[in-house]
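The first chain written gets the first letter, and so on, giving A, B, C and D; residue counts start at 1 in each chain.
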Amino acid sequence: MHGYTQNKDDYLKRLRRIEGQVRGIAKMVDEDKYCIDILTQISAATRALQSVGLGLLEEHMGTCVIDAARAGAEEADTKVKEAADAIARLVRS
Amino acid sequence: MHGYTQNKDDYLKRLRRIEGQVRGIAKMVDEDKYCIDILTQISAATRALQSVGLGLLEEHMGTCVIDAARAGAEEADTKVKEAADAIARLVRS
Amino acid sequence: MHGYTQNKDDYLKRLRRIEGQVRGIAKMVDEDKYCIDILTQISAATRALQSVGLGLLEEHMGTCVIDAARAGAEEADTKVKEAADAIARLVRS
Amino acid sequence: MHGYTQNKDDYLKRLRRIEGQVRGIAKMVDEDKYCIDILTQISAATRALQSVGLGLLEEHMGTCVIDAARAGAEEADTKVKEAADAIARLVRS
């Protein structure tokens, strides 16, 4: 059980849609569509993917990090460090 | 014919791989994998998608924008404005 | 007292350096330096600023969020929501 | 003379404002302001800095890259490659 488990269906639906967006981008490339239109779709898919990431992260903080905080100082430190590293990767990607 | 046409196969291969990454992320969510591991995959897919966008953009500038520059001032202005807007969307997504 | 208080001097030093970087960028513009070199400095200053943000965020999570988690469910929810919103702003800027 | 020269005063004004924002952030840290409020200012300054970068880039493309396109294929290639690298740094910062 994780923070996102209760919203699993919503995340799965969003990820299927992003998968479809990426497939659509490949189709645009294959059909020699105009570059700028492809870039617009790439920005949209990127944003959708980051939005899923931000949602998962919020639920992770609201469950795992909070639970760790209650479990003890060391557990809390580990989880905060881990979450901070994941956030840095999101910010820099 | 567009700037990316000659590298089409490479772009298609990369986009198929990203599609697979997104499907893999959905599978991780479905199997209740650890949130931070899912976020790592999301950052990787985001980066791969932006990298495709940056490649397409470079080829677009090297062909369409350059051709427009040679066609005339007005064509050049239009294409530069359009490319700049696409870049802004990439930077902000 | 906040999470970052014990590292205040380090943050202040980094922010003074970023302030100097921005002043240097203005000087480059004023002296008609080459655009691409200015952009390189802008990327460096942006990255330095985000890095300060990521550091503050990690310390915020390690103190305020953790303290809230121990104080009660409602406090925890509020702080997690607030941190998640701040992260979303960082990711999208 | 560069693409941005005619808008130099505008860029200088914006950069002075960003410099003031960064100084304001240092002041907030020095006065132990609330972390999330500092992060909000960091996101705003980051966005303002990227916005200056996007403006400079658009003007660079509209002048240097366009001029290079008219000067010859090799010059065009060099300038497009250089601009694409600068864009990649902006996108990834």
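By definition in this document, a contact is a pair of C-beta atoms (placed from the backbone, for glycine too) under 8 Å apart; a residue touches a chain by one contact, two chains touch by 3 or more.
Keep in mind it's a predicted model, so treat the numbers as computed, not measured.
Chain centres were defined as the mean of their Cα atoms; on that basis the chain farthest from chain C turns out to be B.
Of the two chain pairs shown, B-D and A-B, the one joined by more C-beta contacts is A-B.
One finds 17 Å separating the Cα centroids of chain A and chain B. Chain B and chain D, compared by their mean Cα positions, are separated by 21 Å. Of all residues in chain C, those that touch two or more other chains are 50, 53, 57, 83, 90, 92-93.
Chain B meets chain D in the complex at residues 50, 53-54, 57-58, 61-62, 65-66, 69-70, 76-77, 80-81, 83-84, 87-88, 90-92. Here chain D touches chain C in the complex through residues 1-5, 8, 11-12, 15-16, 18-19, 22-23, 25-26, 29-30, 32, 34-36, 38-40, 42-47, 49-50, 52-53, 56-57, 59-60, 64, 82-83, 86, 89-90, 93, going by the rule given at the top.
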